[in-house]
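Below is a structure I'd like to ask you about.
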Amino acid sequence: MSLEVARERIDWARRHMPVLAALREKLEASRPFDGILIGICLHIEPKTAVLCSVLRAGGAELAITGSPGTTQDDVADTLASEGISVYGRAQDDAAAHAANIDKVMSHRPNMLLDNGADLAAIALERGVSILGGTEETTTGANRLREDLAGDVTFPILVINDSPLKAIVENQHGVGQTIVEGFMRTTNLLIPRRRFVVVGYGWCGRGVARYLKSFGGDVCAVELDAIRALEAALDGFAVRELEEALPWGDVFITVTGRPGILRREHFDTMRDGAILANAGHFSWEIELGELEPLAAGDGIERLELPNGNTLYRLARGEMLNLAGGGGNPVETMDLGLALQTMSLTRIARGAKDLIAGPQPVPDDINREVARRMLAALRA
Amino acid sequence: MSLEVARERIDWARRHMPVLAALREKLEASRPFDGILIGICLHIEPKTAVLCSVLRAGGAELAITGSPGTTQDDVADTLASEGISVYGRAQDDAAAHAANIDKVMSHRPNMLLDNGADLAAIALERGVSILGGTEETTTGANRLREDLAGDVTFPILVINDSPLKAIVENQHGVGQTIVEGFMRTTNLLIPRRRFVVVGYGWCGRGVARYLKSFGGDVCAVELDAIRALEAALDGFAVRELEEALPWGDVFITVTGRPGILRREHFDTMRDGAILANAGHFSWEIELGELEPLAAGDGIERLELPNGNTLYRLARGEMLNLAGGGGNPVETMDLGLALQTMSLTRIARGAKDLIAGPQPVPDDINREVARRMLAALRA
Amino acid sequence: MSLEVARERIDWARRHMPVLAALREKLEASRPFDGILIGICLHIEPKTAVLCSVLRAGGAELAITGSPGTTQDDVADTLASEGISVYGRAQDDAAAHAANIDKVMSHRPNMLLDNGADLAAIALERGVSILGGTEETTTGANRLREDLAGDVTFPILVINDSPLKAIVENQHGVGQTIVEGFMRTTNLLIPRRRFVVVGYGWCGRGVARYLKSFGGDVCAVELDAIRALEAALDGFAVRELEEALPWGDVFITVTGRPGILRREHFDTMRDGAILANAGHFSWEIELGELEPLAAGDGIERLELPNGNTLYRLARGEMLNLAGGGGNPVETMDLGLALQTMSLTRIARGAKDLIAGPQPVPDDINREVARRMLAALRA
Amino acid sequence: MSLEVARERIDWARRHMPVLAALREKLEASRPFDGILIGICLHIEPKTAVLCSVLRAGGAELAITGSPGTTQDDVADTLASEGISVYGRAQDDAAAHAANIDKVMSHRPNMLLDNGADLAAIALERGVSILGGTEETTTGANRLREDLAGDVTFPILVINDSPLKAIVENQHGVGQTIVEGFMRTTNLLIPRRRFVVVGYGWCGRGVARYLKSFGGDVCAVELDAIRALEAALDGFAVRELEEALPWGDVFITVTGRPGILRREHFDTMRDGAILANAGHFSWEIELGELEPLAAGDGIERLELPNGNTLYRLARGEMLNLAGGGGNPVETMDLGLALQTMSLTRIARGAKDLIAGPQPVPDDINREVARRMLAALRA
């Protein structure tokens, strides 16, 4: 029964991942992964399950573990029922995760699909021979570049640095899902509400643009003068954070940096102001000694000494993902297609790849862009 | 504990209902409902709880029942704990609802706040003496005008016919929450997806406009030539339904009429097409003999004899409300402020009101519009 | 040579008037105007020339005069060269215009296509027998309803009251051409400029919407509370005029009423503020004793005693039309199609028409809407 | 009298060039150009006149010539009347221009503000000692980099390569003025018209976006797969040129490359299709043997052998500039502020500048961005 539901959800995802579907057809014919075992560390959810079936269609054997806290047990069971070696349950803690990584490595993978460099770190430590791999996150890439600098003996293509992710996931994916997440969590409409978007990078401009398209009164806070001018020409009010504090109804941080909104800022906000974060880490909103109190599903109250109450959404985690279905299907179709083509390139022993972390080759970006475009026009 | 959570949710709603809050201050001073018992039939959820506290601040005693299927037990318990006579639980069926109506009437109310004319019908049948009342829905108003025509002995102000509802709830409220509901239910983005919006009335133009503002490729189907021209000038492709069927990825009915999408239409849709409804009743999409099969949370599969699979969202119920927090807080603030001012007018025995169903007086519409505007600008 | 240029301009208009073109085909077959002479008073410009050729294709003889100040001599010459009786030159004054009206009436027309009720007034005064006619303007309709009330012996269909004009011409036509006229006259861009749109009727909402879509910071001033709320929900700041005065960079009046911006308002505006009008008459901006001084093509300076300089565009005339090509081709295609179908209806002696001014019949509105829609989709 | 009009037009420009105005105050205090003569080659129009007065406020002597075909004689006279050495009239041909360049050089300038490298080429040929200069155009920069490579003995800062120009002028300036130019030239509205924007670079995305915001049905043609995907996510249909040819009503080229639309393309376009160009050179639309015939002000007819008629706007020159007031004031304020700060940097003998063409220093871009932002927020 539970497997049945998981299969339905996987089918729903598969149906809306046309780029992966097209790659699957190619891989079924060319079988680039015959004889190869890929060790995978990735969130175990329906979209990952679609990826797994594509890699297997290309001949790969798979051993997979998830990340602590995001594993969906019914999806894990479904993968296991199809003969994949799966390690990980919803309730895993850090220790359990370390053990899972170990179990994946015990399969002696030839290639890695990694998330946070967890697999690569062990492989390098143990001197396992690896053809190459991919790394999903910039955080993992930084670990490879910094902690493991010079030690990486095989090529690792860093998916998150692809310019396609900036376009599809950061600008449009985050922009649209932040509007959805705000409405879903608060039950409020957008028109004339005063939104302060802190940070006008790829994500921030998406958030600002889509809030405005719903009638929000949006101002952008951005330190970089050139981006700030861009925001103004795009039609947004641009303000210093200090000016924006007493003005805003809702504050959305999306800078990638810690401590953007702090106690000193809270004190000059309006009573009832709402705080949310669209950046990768919850650290952008720093509560300090304030104790968040429950105030509804996904909403917490912050009682300030000055008598005002503020509200924090989604515990400061990414508002677009918390409480929803995760990254939108299209952004995952794109990201996992980049994964698939990158792994294929490595399996074929491409000679232009050097050891260490490196961007996805330009021709792969272009090929995936072309395929996604074709899917959008089908 | 559960009461605690309900109170937090009621507080959240109250904070975002500034028009009701302003009316409360006025009613606390003028006490128009002193000595009056109001019988209420309305969804028992946090926003209704805010209304109850406002009416009581104006001196009213209350006896309330909900509608079958929408009562939130913790909110009902909270109201009861505050001394209101509450009848209704989440699991009530039609028979239980009839009994609840009876219990409310047993309090011998002087005024009614009705939903579907359930209370008014009994009052008229039994010849209860009533000062007057309000009716939330157009459906209830039609019942009063048709089934009970000529028999209504007291004034009933019909809230849903107010032009303010068309602006705030139909166009913007429904428009924005349909986008939210679609994304929440499907985990899909909007850009370049082909949406067919069937019906370009107040709701339909909101749905079309907000989908387009997110990059959707939106076409409108509208039989009325003047509205259809308006859609075209607003920048939408306008197509006959027959043309739109093989083109669309997603169909959203919002006509107010039954059987808009039927089996004969399904057969010419693309494989994988998605069906959703934004009209009041689920009857706009008529499945006929097709059996919907589970396909994820809020998603059902329809397997067609031609081999295609279609998907229906939210069982054909209003996509914006199903699975979410109900009508957005702002639209309820407006609707319940109209309720409050209408009831106040009746309590004061306004002489220009006739017996029977009638529109909310123009000056009340204008006063509520002014107050909502002031709140938006605060 | 000049005729050659006029013919090119008429051809350009004709090509973009598909509704008239389709009617022409019908009229050529049915010849409803055989044996009928139509007396016309209308601006003599290329789009009117297209109308003339359509009426003649339907069998009509024509005698035409223009309005003082808008006649284009080369177009007049072209019409004359085609055998139409044309009276009117660019330089005509009021006396010349009166004489022209007389000359048109000397042809003893059977039907009238009137503008400002100039022809109808004479016909009624002289007791000329007329089958019926049309009136282009609301001003003319008011004259018929007020000054000539009860005296009108034949049906007159009032074109400007058609709901289609509100949609096509007022909202979209005026909205888009005001943006064009502002940019053309000032050489300035729109983003972040503070526009105050005074009046949120059909025209005003078009002006506000299109300025905002170009990144303008737009606020609406509107006395009617319901329209004002609509403006807010549409995403605009709504302000009292007094608040808006020191804020705005550009003020655009579009209320239809005189003296909207007056000397007392000028004194609290910013130095350099720009004044423009999109309403029918220039009276919305009242200069009082201020003397406008030339400040570029279509721009005048107003030197205030407080030392500030304001700028008035297009002498306060409709900014969208002044200095440009007149009403956009599409809005004229619509209006002249309404004219053509209305005249055809009268020629056929429709029995449901009463004597006196009256709206265009609903079925004609719907037929024209359908035809325009078909043209937009071709 | 004519001088009077020119002064009014210069005043209008000055009032809307706040960045230059702020720089003027600084230069008046610091006098960086004392003792320096700047040779200038730039379009002689009101905005250039504002620049001249700013440079003189900083202590500079000036000798200026225009470009063939763009000199406004009344502005030239105004500059001359203020003691500037001006060479150039509206009717100048290439030979006259060469002589004018010579006359400017005869003043023995210490610095150059150049346009197309006309001054720099002579200076280098004659071995004139020059502190440094600026070059307005990318074309001029290419000439310096290619024809004169290695020979340039002084620093030349290339204004057009500044990222600020891409944002302000290319995306927003061109985007908005193309809409204006189209409406001004054709008298047509935008809704539902089918626009094909060929090229989705900085300019192209501005053109596409603003046409869409007016209700146009816009498709983008773009060879680069990543940009094309961006266009799709931005909500545009993306098509191959071949597909778009029989679909479009209006084609706008904005690629920067020659021969984009050619005879072979014309043959598959609809009868009546309109061709316009927003790229720097008219070469993007290649007529071949077709003879353009007059068809109204700024409109030409092309009669094809297949019987169809096409229309070309503005002789294929940049539609936004042809027939209008030139580049919008704001974009010139930005560009000329970059000029002014770059010349100031050179006059102060900045040691980090090398010989030869180079980008505007990053800190100047940031300073100008900050100043423009401040002006937009004033």
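Letters A, B, C and D mark the chains in the order given here, with residues in each chain numbered from 1 onward.
Just so we're on the same page, a residue touches a chain if its C-beta (ideal position, glycine included) is under 8 Å from a C-beta of that chain, and two chains touch if they have at least 3 such contacts.
Please read all numbers here as calculations on a predicted model, not as lab measurements.
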Quick one: point me to the chain whose Cα centre is farthest from that of chain C. A
Selected interface, B-D versus A-D, where C-beta contact pairs are more numerous: A-D
Can you give the whole-Å distance between the Cα centres of chain A and chain B? 36
Chain A to chain D: how many Å between their CA centres? 41
List the centre-to-centre spacing of chain B and chain D in whole Å, with centres computed as mean CA coordinates. 55
Where chain C touches two or more other chains at once, the residues are 172, 191-192, 214-215, 232-233, 237, 376-377
Contacts from chain D onto chain A in the complex sit at residues 163-164, 167-168, 171-172, 225-226, 228-230, 232-233, 237-239, 365-367, 369-370, 372-373, 376-377
Residue numbers on chain D that touch chain C, as the complex places them: 5, 8-9, 11-13, 15-16, 172-173, 176-177, 179-180, 183-184, 186-192, 210, 213-215, 272, 294-296, 299, 301, 311, 324-326, 328-331, 376-377
Taking the complex as given, what residues does chain D use to touch chain B? 191-192, 212, 214-217, 232-235, 237
